[in-house]
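Here you go, one structure.
As written, the chain order gives the labels A, B, C and D, with residue 1 at the start of each chain.
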């Protein structure tokens, strides 16, 4: 049985559907020697901004049951250093590179993207909309549907490369956001960025992370992320990149079956930086076991036909 | 070179009040390990607790490794409950080792509580390189002192005077230097609570002493991919240094120590 | 030191701030003999509806890392049986009773509340707005701010008893919902009901619960629930009832410190039905340890003043 | 009366392929326990896994309790790793016991795989009340059969014929009845996979035999406060019965068996 885990979105063919999530694998260059980056479907970079950013002061992380909080504050080297130092190194390790872009205005998003367009070796872009929108008063783009629409339109006009918009789950209706991305020409939506969470020390009565609230990730959020992918799947027909709590091949398969075409592994990399290739292998093993030869048979194959128990109970 | 491997626990035991050791073997790790490096260990396969815990390597002997730890929280409680033969998921060695080169004759190894962890290996390495080694180890009381006859030239101090000097560990350093050794050419290596590091830093600044510190802070990845462990730098072109990747061992002069978050709130 | 854990909202004095959450303690009558219900601050009933409801078909629950999904479907005995059989029994066990009401239209909410008004022994009401709003097309009331406002106004006009609105966290801005509740005269807001989640079996590719998506609860959600309470605390000044993942006294204290006046324990009761009194005792122990004599000193006492690390980092 | 208590593990061991037993003591529980009741056990103090696991009581002897289980998932793997002395957080006994009264002379105890769990205690109780007892126990192959010489009148069946009858367990029941016992006045008690219960139900309906079943299903609370464990009823004034509180032991005629969710998807 010949099994293909290849999947093509726009003009990028991913050798398997498992990517590393932005901010959880550095620039793809810091990982230990035993991790073979070329075995990944792709690497999504840490969010890149126009200028280098130091990030937030300590404390930046806290552990919670089956999850963690972070307030890294988009610490990154900036687009110049990224393009001149990190990208060439990434190309050498033979990785499909998706550049994640963060910015506080549409102009700034466009600037970073256009700088990237000048360089070879970038497969596409993932736009992080969970940043404060300085123009509209600091509220995040990601919770403002017209702003996301406008941003998508502007960026779409500037690139022929794969363009994915990374949605925040902290909205009433994520489907509406996915819908405007599709309408404005995005090639895919990434579902999801972190949930808002917080934790405190009861003895000092102080927040555990310096920014009080932060981004919540890890296995704890998987059921919510999966429900968001399910909602988006019903709202749009462009590919979905499923993200949130994926640690095992079984987790990744859940996202594919519900309707994601690719998945990203984030927090799990902090426990095992080599989780990506392991998950990709596990997907192949599942496909072999179940006689599935191509990913497309799997994607969106969730069986919601009525279960015997529901029919017995009179649901139709 | 760092490894991710599952080893088998050889033993765990309590060696002082709430101070535990855990032993296992890994020839690959001991071969490349250098003083001051740490390991990142997953308590068990559950997602609660989720993250690895960082532990300085306390002792090595051939392929044998020993860690020393307090039981506070979820992770350490799980380590203390391990039995011989249980699997242990270990990543390492990690971090930049202590700097051992330089113009000094004697290494003074200053530790508060579990700050003792990296000192035996550091002491051996200094000794092998021909330096004199002194250990000054403090704790709240005698029962919390880790007395280990393999420790080189140990001096003890307790807050309640129940063992050694009746003082904190910084006063013990002062006492040691002022008695006979004020003219020695020394480098201090310190590990312990942030408050101890603060006051030792002030003491060393006043006397213009060379001080290296080994920091602890909350970590997620331990290998530089999450940016979760920053400490502010006084010099250099980056604002923050990542303790897991650029540390945990620093020249104290490079750091804005106040930027270390107070431990546990 | 004399410690008081009493707290009064409107005209109800709770002997301690720990209540059982709706749907996780039955009618307060099913708990094992070793649980002393009178040691609780109060009992919130399973959601009561106008007519008895069988609830959803199996499968109704699934376990997830540090959490669980449920789709019970508001199975309950209906208001008549509740008032005639359950309430008298609850009064005998000496519990402060908060009746949680579920309905699909404002008229139906009002009907159930008015039926309850005819009876003695009810401390107040908690209104579950996470039910489909049949009038406005089946979308839940809880995600429709004007509907919540109107419902609060209508119910406020019908009772002098404690009226709390239980908010859903599945909205972009929970503060806005709390705000309209306050404006329309609610005495408190309960924060929060369950998050939307789902899980599937990868072998059968079927949902784990019959309704596909369900309510997500348990320790996993605590950081998000706490962030919601923090957001609501900034939006309103009426009391907040903190809910979400509380298992230990430390967890409960986090909600009080962030700004809740009462807390509810839900999923944790499935593991230890006696968790409520244990948590109440743990709060007293903490107060003793920290020289705190009254709950009001604790409530909202979160210290967000700048930490040395933030000042050092130039944040002001 | 039910209890919530922390007991100490006496032993765990593997008694057949992937079939484990765990033993501990609780005089309070054994005193009130009745056949077919179950215990709800927290694997450990972690939140992952979060919920208790239900286990039928397999054996009692004085204050000693033994459970029998397969290792599939997170919970059972933790049980299998317990060592003597480890704490175990147990709630119970829970559920409505088997109905033992009625007009029958012989109890036929039919079990598939781990459905054997409640049978020894049930068999003893029937025996003490003067009924004849026969056990018909099936599994995929010989290595998965729990052979226990304390079992009364055991008959085995395996899917591959490696032990006992080469048949499934329902065929083994048919075989048993058809050989010599077709005129006995019997009541069948069954526990096992839903598929087995389905076909046994059909078999018994065709022959008008009295069949009691012991169900398994996913539970959260185990005590009737979450409404998480419904099965549809054929008769009575409620649409659903809660397996934890009104079950797990039922007269098969009361149930819409198809409403049991297929196991594990």
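We adopt the following convention: a residue touches a chain if its C-beta (ideal position, glycine included) is under 8 Å from a C-beta of that chain, and two chains touch if they have at least 3 such contacts.
A quick note: this is a predicted structure, and the numbers were derived from the prediction, not measured.
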item	value
Chain whose mean Cα position lies farthest from chain D	B
Chain A and chain B, separation of their C-alpha mean positions in angstrom	37
Length of the line joining the C-alpha centres of chain A and chain C, rounded to whole Å	33
Euclidean distance of C-alpha centroids - chain B vs chain D, Å	53
Multi-chain contact sites of chain C, meaning residues that touch two or more partners	57-59, 64-67, 200, 203-204, 206, 210, 219-220, 307, 309, 312-313
Chain B residues counted as touching two or more neighbouring chains	47-49, 232, 259-262
Topology of the chain contact graph, where touching chains are joined (line, ring, star, complete, other)	complete
Contact footprint of chain D on chain C as seen in their complex	23-26, 30-34, 46, 54-55, 57-68, 70, 72, 75, 200-201, 203-204, 206, 208, 210, 218-220, 247, 267, 269-274
Contact set on chain A toward chain C in their complex	57-59, 64-67, 69, 143, 170-173, 195-200, 202-207, 210, 212-213, 216, 219-224, 226-227, 230, 245, 250, 253-254, 257-258, 286, 290, 301-304, 307, 309-310, 312-313, 315
In the complex with chain B, residue positions of chain D that touch it	46-49, 74, 83
Chain C partner contacts - residues on chain D that touch it in the complex	1-4, 42, 47-52, 91, 217-232, 238-240, 245, 259-262, 264-265
Chain B-touching residues of chain C, taken from the complex the two chains share	65-66, 219, 307-309, 311-313
